[in-house]
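Okay, got some structures for you below.
First chain A sits with chain B, and in the next complex the same chain sits with chain C.
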Partner chain A sequence: MITRIGHTLQLSSPANILSYAAVGGKKEAEGPLGAYFDAVFDDTTLGAPSFEKAESALQSQALRLALQKANLRAEALQMVLAGDLLNQCISSTFAMRDLGLPFLGLYGACSTMALSLGLACVLAACGAATPVAAITSSHFASAERQFRLPLEYGGQRPPTAQWTATAAGCVIITTQPKALQIPHVCFGSIVDLGVHDAANMGAAMAPAAAQTLSQYLRDTHTLPGDYDGIFTGDLGAVGSDLFTQLMHREGFPMPANHHDCGLLLFDRDKQDVHAGGSGCGCSASVLCSTILPAMRQGSLKNILFLATGALMSPTSSQQGESIPGIAHLVHIIRTPPDPPGA
Partner chain B sequence: MITRIGHTLQLSSPANILSYAAVGGKKEAEGPLGAYFDAVFDDTTLGAPSFEKAESALQSQALRLALQKANLRAEALQMVLAGDLLNQCISSTFAMRDLGLPFLGLYGACSTMALSLGLACVLAACGAATPVAAITSSHFASAERQFRLPLEYGGQRPPTAQWTATAAGCVIITTQPKALQIPHVCFGSIVDLGVHDAANMGAAMAPAAAQTLSQYLRDTHTLPGDYDGIFTGDLGAVGSDLFTQLMHREGFPMPANHHDCGLLLFDRDKQDVHAGGSGCGCSASVLCSTILPAMRQGSLKNILFLATGALMSPTSSQQGESIPGIAHLVHIIRTPPDPPGA
Partner chain C sequence: MSSGIGANEYSHMVQKASPPSHGIKNFLWAFFSGGGICCLGQFLCELWQRIGFSLSQARGMTSVTLIFFTAILTLCHVFDDIARHTGAGTLVPITGFANSMVSPAMEFRREGFIAGAGAKMFSIAGPVLVYGISASVLYGLILWSITYLM
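So, the complex of A and B:
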């Protein structure tokens, strides 16, 4: 069952992580986390005839590998939750088309991994679906031509801009006891402080991240220092600085345990990604390649995953609108000692 | 709690309908259901500077009226679930931006009312959120220019084409006993039989509707005739015919209790909508203007709401892809006798 404490959902029969997988493209393979991915593709088309179909293939691969690591067939899943950045979420739809499984389509922009994972945990905890998969993806080339300019145009990027990750992540949730558990989920509210610059998403999303985290900390009577790591989604360099300032103002100065997936995925000195990585696949792939393996291994035991999204579209920006942000939070713990079969 | 029977979720502590509201545009006001809407707008811009912002205003109005009818302030809601057809779901985002409420963004194309309503019921039944609102919308002018052609072009429409409703619907779910209850929800799987014609969405969605309904009937050991009404979302004339044929083939011949929201919303003889209405707002507004009031009044007591979605995008169609369909089902009953305060 689920108990509500403020805005935070406490899962009294916790949802557990059965399996996970991360896949990425060439640039992600060359980054500091490249070696930790389950699969990387030097040809970022994955042999598909379009970038959109390549992104679908990333989702299919992430799901396939997560299933394989759990020794599970796709038919064993009781539900699939997925979303992405493309118009009408076609990467997810076409990746899940042939599965024949109950499918919930989600849209949370770059917050989608926390949205889908959090909702999967709620659905597992309440008996609606187990095992259940949460998947999301992004692709640099499909995102650039949809949100910004065709690659061929060679548009210049300001220093605040972030680089959309070509990556996907998949987590499979079960009610069976496992080493990694999710005791809390906190779905965030939309926050819009009036940032209009679509090349500065970090600034637009930072206030939402600060609000969701503050809300969760107040709900659970905990402090940032109580966690081994607080991983924001893709605030990048600019957004991370603002997030730290806002958390200080909320009365929660952030210790050194704050990391941003957008800053972890790429080497900003060598990889020309300006303010860092972004995209649904950024936080999803860092979670599944690096954070969850570190938890399983025991070097992290108690973390918050706080993916952030900028809920604008090119149309809303062209019509003069500011950029609404949102952030969803998932609390993940490692239970000692390991239950059997974990 | 929730029990899973096949793919169907049985809500053992049922979710109840606290309130609902439907709003529509000029053409919807002139249709057979016009008199039943809570508010209609002769000026379909609603005074907003763009069609996209007008669509956001439709969602805001639907929520405002549903709250007003329940004598509830927005702050009382514990969660809001919304989605729409626009790229990056901006009608929902901008409508919900200033609420400060936990927000789950969904994408199910025209199936979104059943997706959001079904998920709201699950979240209420398991203790995650009550009251919780499910909202969706569509707008003829924003959909035409995004999915098809600018209105000024005056493109010709084939007879299979449907007319996107300018409308929104909102349902507020509570765990408190009320006359209208939701005992079952069945989330559908994607079905794609290879229909490529984006001007014939009914044909693309009919197989998904037939699959979800057949699945639900088998799971619950019921027959179509056991219900007062089975309301598909927006199959239109072409899709409804195909749906009936497919149900016959599945071993469930459909009695005269099948109605399609796309055929109910407009008068096809007088309103030039070709195969009928469509859009997230079509089934949402027919549900909230007509079906739920008829249930509250007692003329309907046991219905299935089966909204259908076509999960394509202009990009996927341009890249030669067929149109994946999906349908989600919500079972709504009227409990006799009325509990106090219903």
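So, the complex of A and C:
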């Protein structure tokens, strides 16, 4: 059953996390979280003839590994929710083409992991589908050629620019009792404070993140300090700074438990990623490689996953439009004691 | 937002929070690399003349040589690594033009030689060609008019 409290959806029969998997490329493997990925690929083409096909392969691998960890066959899934950054969500479509499963293709820019995960939980909690998979991906090279310039073009990136992660994450949701539960989901609304700079996505997304989080905190009568961790993604260095300032103005000073997936995935000092990581695969892979395993081990028990997206395209930017931001929130808890088999 | 922040106020916040580009460092890189390419151009021009070309021919050959080596460096995935540091130093000379033609041709080859490489090859350099040629035509017309009237 689902109850609406303000904008927040409370899942009275909580959706539970059955399994998860994260895969990444070479640069992600060289980053601070490289050792925690389920699989990494030195060849970022994954042997495919195009980067779009490589990104599809990333999604397929993430799903395959998550199914394998759950000891589940793909046919057992009642629905798949997947999204990516590319036009017409082609990475997701072609990754899921041969599965023969009910498929919902989603676009929420870099917020797609929280969007797909939140929707998967709602579908599970209301009895529409279980188990259900939420998958997202991004690929540096496929995103660059769609949104920016050719890979070999000799230009300079400004310090506010972020680096699209070559990664994918998959979470499988079930209604069976498991250690990790999702009691709340909060879908955010579009916030646009007039940022036009496509090389400063963190600034475009920070207001949406602050709005969704403050809305959720007001709905649930909680404070940021009540959680072990609040993981935004992917605001980067500039967006995180602005997010903290905006939360302060909203009346919720952020304690040290705020982390940004874009700052966790890469080492900014060594990896030349400027303001940090971005892309649907960034928050998805940080969630599935680091946050959820830490929750399963018990070092984190109560977290908020707040993925943010910049809803723009080269067309809208060229026509002079500003960059609308969005953020969706998923509340994940670890329930003691562990049910058997969790 | 409930805090009532407006676009103007937020724009100031963004400006304050966004680190500027490394101005002096970028300037020095661009100055010395751009100057270096000009010196190389002069050296090539002298070389072609010594081989036996006239000055005007040698100038054309210099441009062709720089374009050729830039194309090779772009094909070898090296040019972008250099340009990441040199910035305008490699962008402004003819090396930047060559790279802006070769890089989209490489990138969009997978979409075919016609709709991909052929069509997209001009996606960056196209505006430079259109407005460069238009400006030269306009300049020619003005010059011709003045000469005719005089």
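We adopt the following convention: the second predicted complex is superposed on the first by the 342 of 342 C-alpha atoms of A that agree within 3 Å, B and C clash if a C-alpha of one lies under 4 Å from a C-alpha of the other, contacts with A are read in each partner's own complex, and residues count from 1 in each chain.
Note that in this section a contact is a pair of C-beta atoms (placed from the backbone, for glycine too) under 8 Å apart; a residue touches a chain by one contact, two chains touch by 3 or more.
This is a predicted model, so every value here is computed, not measured.
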| item | value |
| --- | --- |
| Contacts of A:S50 with chain B and chain C, given as first, second, both or neither | both |
| First (chain B), second (chain C), both or neither touched by A:H258 | neither |
| Touching partner for A:H139 - first (chain B), second (chain C), both, neither | neither |
| Which superposed partner A:K27 touches (first chain B, second chain C, both, neither) | neither |
| Which of chain B and chain C A:H331 touches, first, second, both or neither | neither |
| First, second, both or neither for A:K178, with chain B first and chain C second | neither |
| Footprint overlap on chain A, where chain B in one structure and chain C in the other make contact | 49-50 |
| Footprint of chain A on chain B - complex, ascending | 1-4, 7, 9, 49-50, 52-53, 78-79, 83, 85-90, 93-94, 96-109, 115, 119, 122-123, 125-129, 146, 186-190, 192, 311-316, 319, 321, 324, 326 |
| Residues on chain C engaged by chain A in the complex (per definition of touch) | 1-3, 5-7, 10-11, 13-14, 17-22, 26, 74, 77, 79-80, 82-84, 86-87, 90-91, 96, 99-100, 102-104, 106-108, 110, 124 |
| Chain C partner contacts - residues on chain A that touch it in the complex | 49-50, 145, 149-160, 191, 193-195, 200, 203, 207, 210-211, 214, 238, 241-242, 245-246, 249-250, 272 |
